[in-house]
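These are the structures in question, set out in turn.
Across the two complexes that follow, chain A remains constant while its partner is chain B and subsequently chain C.
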Partner chain A sequence: MSVPTLYPEDERLTRGERVVFNLYIITALVVFVLMMLFGLVMRMAQGTWLSLPPTLFYQIMTAHGAGTVGTMGLASSAVMWFFLRKYVRLNLWAFLTNYVLFTLGALAILAAVFIGGYAGAWTFLYPLPVHSMGEWTVHAAVLFMLGYIAIGVGFLLFYLDAMAGVIRVYGNLGRALGLQWLFGGEIDPVHPKTVVASTMVIITNSIGTLAGAVVLVMSIINAYFPELALNALLAKNLIYLFGHTFINATIYMGVIAVYELLPRYSGRPYGISRPFLWAWAASTVMVLSVYPHHLLMDYVMPHWMLVMGQIVSYASGLPVFVVTAYGALTNVYRCGIRWRMPAKLMMLSMYGWAAGIVPAIIDATIRINEVMHNTQWVPGHFHFYLLLGVLPMILALMFHVIAGRAQSLADATTDKLSFPIYAVGGLAFAVALLAAGHVSAPRRYAVHLPQWVPYDQASSIAAILVIAAMLLFTGRIIAGLLRAPAHVDPAHPAG
Partner chain B sequence: MILQNEIWLITLLGLAAVTLGFIFVIAQAGKPTDSNRVQNTANAIRRWWFLALVVFGIGVTWATLKPFPIPDQHTPLKAAQVVNVVAHQWAWQLSRNQLEAGVPVEFRVTSADVNHGFAIYAPDERIVIQTQAMPGFTNKLLYTFRQPGTYRIRCLEYCGLEHHAMMAELEVVAAARGDQS
Partner chain C sequence: MIIRAQSCSSGSATLLFLVLLMPPVKQALEASLTAQVLVQIPLLIAVGWLLRAAVPERILARTENWNYRGIAGLVLATLTAAYWMLPRVLDAATTVPLLAVAKYLSAPLLIGLPFALSWPRMGFIVRGVLLAELIATCFRLGWLYLASPVRLCNNYLLNDQQRLGECMLAIGSGLLFWLAWKLLWGRFDSLKSAA
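Here is the complex of A and B:
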């Protein structure tokens, strides 16, 4: 098995592909910066460094939650598309339609929040969207949900197109996942990890998105026909099945960048193996069955489901600790790597993922959830693996792509500065949130008690570091993407 | 030790272990060596590592689920003190707010409008227990206060504009003499 070159021929983008890819990436980066600024504003308001009326705080919180989760989905689906198109035929129109629907949905969400005043949080937990005590109208809530539906339809289209492509090449989804090799047989050594991971995401996120669509449609009907009340517990189950699956899918799409790129930078083959196939087959089942860990404090839930939530949460750690992060570490151990930006970001992403699930798994213990649920512990653990895990995966691909276009692999001087600032700032930010959870500071509070304020202030400073680094990243990447190496590209997308 | 401090300690240890693992590998990443040897050693270690994690996980699962931390919702709890709790946007309605320490209390928690979170904060401002307040359902929570003092109820499920201001107090007094059951 040979190690591929840094920039294989089959990854070259056609002109049309490059335009759409650039649209995805530039949109995602700009939205991330904006959302991080929203985050900083919230943190400074909690830390009494900024005066923000609670109405506006909760609107910003809603926009930040929906905006970051959606954009993470958008950016990580660009990672999946970038690599999956080498193995199966993907239609550019499906990828582009996803972008267009996403943009329309995002505009609807922004209008619902900042014009309509909707502040029911990204989780639209029934019946809050239609029961705001006069804070916003049902029309604003419905507009928000229509925005979600537009985004969901776009993703479903992208996944269906990918599913069709995968089935054309591999016959069915099970064979694409490599299920035929779980219990024996000679594993095809060139079966792409990208196909395995993509297939898992296609299956799970289609189901998750459909669950979201069902509860969204039910909620919209209920908004206009209140006599058709929903069962609040059922709605909550569907919402968390959707929300959990969607945000987790971003990790599973993002990690494709590591599978593809890490061996090119380490210079060492990163082959497929039976544990790898087991990890992905198990994750397919687990990501769909783990969501009850969001409902551990709903004592009326069937208790077997809560036990399942705890046990599957524990088990979800195994693929990461035993296969993905472990495999990545094995791949770079004494490989003689040269630390360029993509390699650094990939290592950070593996660290952020592996470390970030430690507090997550601990909180999935029912006995512990009784004192940690909905405290700042929760944003603590998910910012840990989103900020230090998923985002670096996406950034790694970006830096890889722009280095190829610049025809100079060396890091810019700014990269030597921005990377450590980002890593240190992100770590400090996440740990400060966890520490606030340790002292029982609630999440989603516009106003904090004096004893929680020091944590807010510390993490505001950390957030400023993250944003400074992110601005440097964004400038570098956008400049790099708009530079066309071989032939001039007049249709550059930033306008 | 306070549960939160135990959790914090375990988390920091876990984070430190992951961090050290990464530092160890990254520190060695610059010197090249034979790939096959690394792969074989790593595979051998992986088996034990997997087994260790599984055994540890099963042990922790057992230890934390037995006894089951949530009371059975279908049988009467027979607690000597009962508090009916109804959450509203944005206030708590409690059938009583004077309780005795050392005697089990059953909280029957529901909501009149949207989802709320019923969390009990001890006088030292640490959460001691919580459950959800959901419209159409009643969650039954069982808790025995150890220390007398003023406990606070805070809302831990986002419920709209005044979510952060939704607070009530519970007075827990020392158990009356002869009532040490």
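Here is the complex of A and C:
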């Protein structure tokens, strides 16, 4: 297997593709910064450093949750698109439509929250959207849900286009996943890992989106016809099948950047193997069956589903993570890699993924969940996972792309500063949330008891570090993206 | 050969339509909400689907101009189908002659026929959206019929509408499993040849 080149010809973007890709990345970066500022405002308010009316706190909390989850999805789908288009034909209109519908959906959500006053959290758990205690109208709740539907339709179109492209080349999704090689046969050594990962995401997120499409429309009907009461437990199951799968899929789209870029920076091929295929096949099933770990406190859930939620949680993240982390570590071991920004971010993402799933696995244990789930332990987990796992994967691609457009492949001076600030700030922020959870500080409370305030203040300082680094990243990346592509020798050796 | 198949198909459509018009058949299929929704209306749609073979080529060619990728026909068919999902319309169609006529004409001509004309022209994505929405609609309607605390139709009892709800959930699940199986292990020759 040959050593991969840093900037292969088949990754070159046409003018139209570059415009749409830039739209995705610039929008994602700007929204990420905005969402981080929302997060900082909330932590400072809890830490008594800022006066914020509780109603506004819950609005900001709702926008922060919905905006971050949606934007993670948007940015990671750009990673998937960027690499998948090398192997299968993707229609630019589908990618663009996803962006347009996402933007419309995001505007609807922002209007519902900041004009309509909707503050029922990103999970829109029935019947909260229609029990506003006079804080928002039913129309605001419906507008919020319509925003989700617009975003869901956009993603469904993107996935259907990707599905068509994959089937056109590989025959069906099973063959694209490599199921034919699970029990034997010679694995095609050039079968792209990107196709395997993308196929898994296409399957799981399409089913998740379908669940969302059902429960969102039912919730809207209920909003206008309250006599049609919904089964709250069924609604919650569908919401978490949709929500959990959507946010979980972001790391499976983001990790494509690691599969594609790491071997280029290490200068060492990163082959496909049977354990790799098994891991992705197993995760396809487990990502869809793990969501009951969000409902472990719902004693009316069927007992077998709760047990399944715990067991699958232990197993769910591990297969793909183990093959990826092990593969990444062996790939870079003594390879003489030059630690440029993309390489640094990719290794940070491996750490963030590895460490970030540990609190989740702990929380998925039923006995622990009973006391930890409604504390800040859970935001500690997903901020760890998203800030240090998913986002660095996405940033790795962005830095890789802008280095290709620059005259020099070397890191800028600001990168030497921003990377450690981001890593330390992100880690401190997540640990402060986990520590607050450990002392039973509740999640989703606008006002905290005095003994919880030090944790809020510590995480506010950490958040300021993260935002400072993110602003540097954003400035660098946007400036790099807007620069005309420079000629980079495609044969430039990695490392 | 083609002409014989066309006349056979249009003959089947006529025969099926006449059978559905027969008072004992009509009465039997409208005796329960479940039969009306899951048997009578789908069979009327099938009449329209079979009628496609009877449409002359020059008319088919003319429709191509306004039925790009089958989207216009699909919109017509789905909007009409949405109308016939309303319980009060289903109820009225059993007692109001004008609505009965509308059902017998619109299901074949505004759902079945445009759908048959459009399906071959639809690309993978349009078909995917249609199937996804069909599955979601089965789940939503099934849930609604089960969740409704009151009778939605004067002519049908609560247990009938709940049976319909259960059947729609079962149909939605069946369609979902079939689609998943097809995507994972099925053959897609038309897509492969288009590559």
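Assume the second predicted complex is superposed on the first by the 482 of 495 C-alpha atoms of A that agree within 3 Å, B and C clash if a C-alpha of one lies under 4 Å from a C-alpha of the other, contacts with A are read in each partner's own complex, and residues count from 1 in each chain.
One rule holds in what follows: contacts are C-beta pairs under 8 Å (C-beta built on N, C-alpha and C of every residue); 3 or more make two chains touch, one makes a residue touch a chain.
Small disclaimer: the values here were computed from a predicted structure and weren't measured.
*Asks:* Have a look at chain B and chain C on chain A after the superposition and call it: clash or fit.
*Replies:* Once chain A is superposed (C-alpha atoms), there is room for both chain B and chain C without a clash.
*Asks:* Tell me which of chain B and chain C touches more residues of chain A.
*Replies:* B
*Asks:* Per the contact definition in the header, classify A:Pro269: touching chain B only (first), chain C only (second), both, or neither.
*Replies:* A:Pro269: touches chain B, not chain C.
*Asks:* Between chain B (first) and chain C (second), which does A:Asn248 come into contact with in this model arrangement: first, second, both, or neither?
*Replies:* neither
*Asks:* Which partner does A:Asp298 reach: the first (chain B), the second (chain C), both, or neither?
*Replies:* first
*Asks:* Is A:Asn374 touching the first partner chain B, the second partner chain C, both, or neither of them?
*Replies:* first
*Asks:* Could you tell me the angle at the CA centre of chain A between the CA centres of chain B and chain C, given to the nearest 10 degrees?
*Replies:* Computed angle, apex chain A: 100 degrees.
*Asks:* Taking the superposition as given, does A:Val169 touch the first partner, chain B, the second, chain C, both, or neither?
*Replies:* Once the two structures are laid over each other on A, A:Val169 reaches chain C alone.
*Asks:* Which partner chains sit in contact with A:Asp161 here, chain B, chain C, both or neither? Use first/second/both/neither.
*Replies:* In the superposed model, A:Asp161 contacts chain C only, not chain B.
*Asks:* Tell me the contact category for A:Thr71 with respect to chain B and chain C: first, second, both or neither.
*Replies:* After superposing on A, A:Thr71 lies clear of both chain B and chain C.
*Asks:* Which partner chains sit in contact with A:Met133 here, chain B, chain C, both or neither? Use first/second/both/neither.
*Replies:* first
*Asks:* Where does A:Thr324 make contact in the superposed view: on chain B (first), on chain C (second), on both, or on neither?
*Replies:* So A:Thr324 meets neither chain B nor chain C here.
*Asks:* Could you grab the smallest C-alpha gap between chain B and chain C in the overlay, to the nearest Å?
*Replies:* When the complexes share the chain A frame, the smallest chain B-chain C C-alpha distance is 13 Å.
*Asks:* So which positions on chain A get touched by both chain B and chain C?
*Replies:* Looking at chain A, the two contact sets intersect at 231.
*Asks:* Give every residue of chain A touching chain B within the complex, in rising order.
*Replies:* Residues 54-55, 58, 119-121, 125, 127-128, 131-133, 135, 231-233, 236, 266, 268-269, 275, 297-300, 303, 306-307, 310-311, 314-315, 317-318, 321-322, 326, 329-330, 332-337, 339, 347, 350-351, 354-355, 358-359, 362, 365-368, 370-375, 434-435, 438-440, 442, 444-447, 449, 451.
*Asks:* For a test of understanding, state which residues of chain C touch chain A in their complex under the given definition.
*Replies:* 123-125, 128-129, 132-133, 135-136, 139-140, 143-144, 147-150, 176, 180, 183-188, 191-192, 194-195
*Asks:* Taking the complex as given, what residues does chain A use to touch chain C?
*Replies:* 89, 94, 156-157, 160-161, 163-164, 167-169, 171-174, 177, 179, 203, 206-207, 210, 213-214, 217-218, 221, 227-231, 234
*Asks:* Give the list of chain B residues in touch with chain A in this complex.
*Replies:* 3-5, 7-8, 10-11, 14-15, 18-19, 21-22, 25-26, 28-33, 35, 38-39, 42, 46, 49-50, 53-54, 57, 60-61, 64-65, 68-71, 73, 89, 113-115, 117, 119, 121, 125-132, 134-141, 154-165
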